[in-house]
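Across the two complexes that follow, chain A remains constant while its partner is chain B and subsequently chain C.
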Partner chain A sequence: MSEVTTITEPGAAIDAQGSLERWIQSRAEPELLASRRREGWADWLAEPMPTRRMEEWRYTDISGLDPEAYSPVSTTGDRARSKEDLPGPVREVLDSDRKRSAVFIQHNGTVEHVRVDPDLAERGVVYAPIDEIAGSHPEILERFLFRSDVAQSERKLWALHTAMLSGGYVLYVPKNVALPHPVHALRYVDEAGGLVSSHSLIIAESGAEITCIDEYLSPDLDAESLSLNGVEIFGAENAVVRYLALQHYGRGVKHFSMQHANTGRDSTLNVFNVTLGADLARCDVSAHLLGPGSESEMLALWFGDRDQRFDHHTLQNHAAPHARSDLLFKGALAGQSHSVFRGLIRVAEGAQLTDAYQTNRNLLLSDKAKAVALPNLEIEADDVRCSHGATVGQVDETQLFYLMSRGLSRPEAERLLVLGFFDEVLSRVPLEGTRERIREAIELKIGLSR
Partner chain B sequence: MPDNETVTDLGLDEYKYDFVTDEKPLFKAEKGLSEELVRQISAHKDEPEWMLEFRLKALETFYSKPMPNWGGDLSTLNLDEIYFYLKPQDHMERSWDDVPENIKQTFERLGIPEAERKILAGVGAQFESEMVYHSLKKEWEEQGIIFESIEDGLRKYPELFREHFATIVPPQDNKYAALNSAVWSGGSFVCIPAGVKVEIPLQAYFRVNAEQMGQFERTLIICEEGSQAHYIEGCTAPVYTTESFHSGVIEIVVKKNARFRYTTIQNWSNNMYNLVTQRAMVHENANMEWVDGNLGSKLTMKYPSCYLVGERAHGEILSIAYAGDGQHQDTGGKVVHAAPNTTSQIVSKSISKGTGRSTYRGLCKVYDGAINSKSNVECDALLLNDTSRTDTYPYIEIDENQSSIGHEASVSKVGEEQLFYLMSRGLSEEQAMTMVVRGFIEPIAKELPLEYAIELNRLIELEMEGSVG
Partner chain C sequence: MSEHLLEIRDLQARVADGGIEILRGVDLVIEPGEMHALMGPNGSGKSTLAKVIAGHPGYEVTGGDVLLDGKSVLDLEPDERSRSGLFLAFQYPAEIPGVSIANFLRTSLNARRSEEEGDLDVFAFQKLLNDKLGLLQVQPSFAARYVNDGFSGGEKKRNEILQMAMLEPSMAVMDETDSGLDIDALRIVSEGVSTLRGQDDRMGVLLITHYKRILGYLQPDQVHVMLNGRIAHSGGPELADQLEEMGYDWLHEPEPEPVG
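Moving on, here comes the complex of A and B:
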């Protein structure tokens, strides 16, 4: 690793406007970003802290969350010069033999590496850190950054994320450009007690086609770290966007991911969340179906063990007619882990001929695990087809018996059944390489948990 | 299917019970709520000291609890404008002939005497805030069945009453249960002795009359071991210009091996706020069924619940809601599995018409240790117009891995294919539409006693009148 120039004062307090201002100035950013930060900070101070009396936070208590308890992660001046400068786990992912159209690597607050297939760059594909874009393509940020329709319950953390933004990228794909391979972003955190606030802004112009992967990694951290993460996806007419968030942080992390995808006319969206790591991981995933004829598929898998808390909240927001959305979220829980699924299908008045479906299935593997499911519908149009279903159950004893009679131990048999349970979701991932990456991560997690 | 213009007119607009009896109450408290009022009610009823204390404590609880931040819109409900207590007569009537003529007329128009004649059951008819008429079949008295007004229950069976009262729905449970606990008046006290089977349903028919009259009925039902009974409550109220308010509490204990069914058909007028807490404690191997029909009111918030506290207890909730123009039916059911091998089922059907909104809100909770619990929830919603709205908010909280829990919901409009088929068989569009809607609520209607099923079907027909071009 090159010599570290810490721009941030170590342990810089972010408690008051004054020190925030110093922090902003120390980052020497374009005014566009600095003003968004100030707006974010003002919102953070104005919005009430979520409490368990708010329906959306009924099962997750974050009233004690204090940003002053964390220091913003450090930002070094230099990028990695060679692969050897990168953290080991990141190298491992890179070494796996997979084709990528572009790669982005962020280590704490530092963007270590960005590379785009030169052919694609020539065709106008932009893939760069947000602060760079603020200089080179301010019009993109002006138009899209922090422009999503964020729900009231999410605003407090969204504001903090905006104010404390520390890295992230913009992916812009011009009209009718199809990326042949996934764009893979890796974020690695190893500063204990840090606050990382990273953003992904993904824009697909009409007819563009992309697969985008965000992967979150860390070792087990001995002081609690906070990860705030914002994702905004804009798909124009006929665009196809496949997005995967693979979160396998170590322990000691609180992770809040706020994802907003917006669909244009006849566009296709696929958002897949895999939640394996962190002490507390909360994902708010919203698909805003703004264009008539658009289609959204939301998928998620989670495997919790020990005392992990996973919280998935979804919104299928049908604002336009003739749109279709489907959701399949499956979770397995071992140890004393808890999970919450709260999904809402909202069909606005006038969004006729909507098809919207939602399924949540939970597998409880231990008698101390707990699952809460809240599949909700709010429908204000009459010519619609909507349904939802939720189940909570256990591993089928007869299937276990069968596998054990074939010589497998009980944990082995259980592990196979969990993989089988997840397969319904995994099989919906069209790219084999991506599917394999997810499967590996899950197998690692399940294997380690025993 | 015609275009939407033609189905805008299904209205509950002409309310069929739109009449007001010229009533002469003997005692009418001041509008609004106060400690003084609570003391007055208690003194009027000549209650023991512990009940007065209970009421006063509940009043404090009511004041201290925040308004619910979920459910329907309660912002236009002004408790200062409501009469909390009204007593039309100062003694209980034993026979039909003694019931005052104007009250009788009201019942007549509701078909009560008919129910009385036909069902030959005890009628605890609640008019205003007290039981004015209460007859009990002789053979039931011989069987030892207690079917009294709640006030008489407290007077005649003080020990049994105190043992169970407010144990199932304590005042701290929710803001409106606290309010009811403070100002309750009227309702039934029922006890079915061990092993006794009641073949004919017990009925309590009551209505709210005086304008702005809050009705805070309180019912306590005790089913001793191995008993079986069916209780029916139906209510309807005339239309008034200002809001009315009803907040009842129903408590039921179903002891070991007992079976009990509680049926409600609620058809309050369209300016009524109806906030009711209904709960049953279901013990070992016992069976509790709620059949809950909500057709009227401006806003109903009612979630009958079964707490399955004994092994192999079973709870069932059948719910039907009809939300016409301007109505909001926020209904559903709760099942709590707190013992092993308990099972439950919730079936909910709702119809939204015009600007009506129907909401299913339910809870399925399985506590740690309630092994082999099974629960299944099904919700179907039918939307008749593009201005109608439906919501589904089920809560599923599972702490036990050895359980099997499912929830399913679907939303649809009346199928064009179904209409086309029926019309090709010679039915008019309106007839076809009515038939589809009736088919939709069939699973609930068939669980009702015949008279009620007929009444329900008649109501649906009435609602559907003029619904199609």
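Moving on, here comes the complex of A and C:
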């Protein structure tokens, strides 16, 4: 292993236990985080690299992934003094006239802005950077951070994410507090060649109700960057959690998002992924239905073009009886883009009276685009209702001619059909402002707005 | 008048990729403001003519021409024909779940505007839409529904008329707009067409129909009968009465060709 001489500077390569140790020390963070980091690094070294021989990685080859090829993104510790200090694309999102209960802005490894509605802060709502929480509310991290049941196939990257953690937040909402507006986190990366590893830890105590948005942005980057992202959601009894991940990175980014949502008794969970950006985006989305009577809805939309690769893996993990889960993932692919959907409904032996549904639909807009759909069931209980289905289809020529006969050019007609195809998913988003934000991002991606 | 609104000259067409020949030399001229009815038995080529005029990719033109305002449209894509003023009211309008009528209409209108003009202002669009809905006596909630998704036959045809009202074509081809409608729907659709002709007295209409019924509501200037891919007979409105009484058999059929 090569000797790394400068490690305190942001951008220093990581390559060995020694340099990681010094990197941890340079961050001067609480022991709680440092020890999790060390455990993560040990796991990273111990776990085998996923290869295409593993079913979960059959269509996405990451065997060449080398964290040494990236530099950890810089962390300056400076908050933005005014809006003008924030990156332009972030300001644009903030400027749109939408109400938010709280805002979090991370630029590379630096948390530049956090704001929580003071009334909510008064009622005990906590929304703060993870390292701050390690000092102020260590008990929250002790109890929840990196506590999800991560599948074997995910462990390697989860370990790297843990070891390299560079930012993220904790949202804690106390019992029976309902947030009137969404909590919106924006993460912006513009360090080419960087490695950003950001975490979202979301806790809704019993009866709490929240809508939480994670938005990922970057310009096109000329050196490949790696984004490792972990999301853990814990909804206690009767809580309602709506979570949206809107990923519209520029090109030059490899994005891995590992999301674990855990439902308490009678709680309601909605996890929505919108995948538009990056060269390669892999999302592992798991809903662990741990509480009886809980309900999970998983939604996703993606639009790929050029040579983008999107890979969505899902788990509806029914551990408790009387729970219900529904999944609807829809993707449209143009250019030479490829997508994979692999979904598993797992019903444990004791999870009787489970209702679980899973649907994946793909729309191909070009001959060179490709979609693979692999729905799966694994059922050990005997009194359940489950169904799954997947389709891959092309644009309907009858619809296309109809639209063109009204003056829409072929590309315009195709775009409108894509939006129509997506509407089934989009219309399930209850908050109009959130729905509009997603629609805007999609329209921008597919070029409908001029 | 030097140019006709629509001129069809010896038009021949077949199903794309070398399929059977359906239009075998159609000639038809429509002047601004005129309404012509095109009648004929099933399989005579009426609907094919409508689709070929609109540029349906399922057919290929093997001879002749279609001119709008003196210019051939055969080299134009369907969307370019629409933007030049042609409109086809479909016999079977496509269902497009997820796309609202309002969104569809706004996109269609914007497609007609130049880069410099930019998109139609949201409020201007809404006013235009409300005006046309009012004109056709359609509930405003109609425009929020998905295009033809789960519509009754009458609702689909009403949607065609609404689109026609919004796009204000110079020449409308209406393909069996009256088929499958009950008497109330038929009346509503006919009144819609009359209203639009009243708004624009230069708009031409080619009304393709299988039944004389609609001609009780709309009085065409001329009636044509299509048989076996050609216009076999043309006359005034009285021709429709003759057809009603005597059917098509008394008309001389052009010699049939073997169908392969």
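Couple of notes before you dig in:
FYI, the second predicted complex is superposed on the first by the 437 of 450 C-alpha atoms of A that agree within 3 Å, B and C clash if a C-alpha of one lies under 4 Å from a C-alpha of the other, contacts with A are read in each partner's own complex, and residues count from 1 in each chain.
One rule holds for everything that comes next: contacts are C-beta pairs under 8 Å (C-beta built on N, C-alpha and C of every residue); 3 or more make two chains touch, one makes a residue touch a chain.
Treat the numbers as computed from the prediction; the structure is a model and nothing was measured.
Contacts of A:F422 after superposition on the shared chain: chain C is touched, whereas chain B is not. In the superposed three-chain model, the partner touching more residues of chain A is B, compared with the other of chain B and chain C. Once the two complexes are overlaid on the shared chain, A:N376 sits against chain B while remaining clear of chain C. By the touch criterion defined above, A:E84 lies against neither chain B nor chain C after alignment on the C-alpha atoms of chain A.
In the superposed model, A:L408 makes contact with chain C only, not with chain B. In the superposed model, A:V392 lies in contact with chain B only, and not with chain C. When the shared chain is aligned, no partner comes close enough to touch A:E432: not chain B, not chain C.
Partner chain B is touched in their complex by these residues of chain A: 53, 55, 349-350, 352, 362, 364-394. Those residues of chain A that touch chain C in the shared complex are 396-399, 401-410, 412-413, 416-417, 419-424, 450.
Here chain C touches chain A in the complex through residues 54-57, 77-79, 81-83, 87-88, 90, 93-99, 103-104, 107-108, 111-112, 115, 119, 146, 163, 167, going by the rule given at the top.
Chain B contributes residues 4, 69-70, 366, 368, 381, 383-413 to its touches with chain A in the complex.
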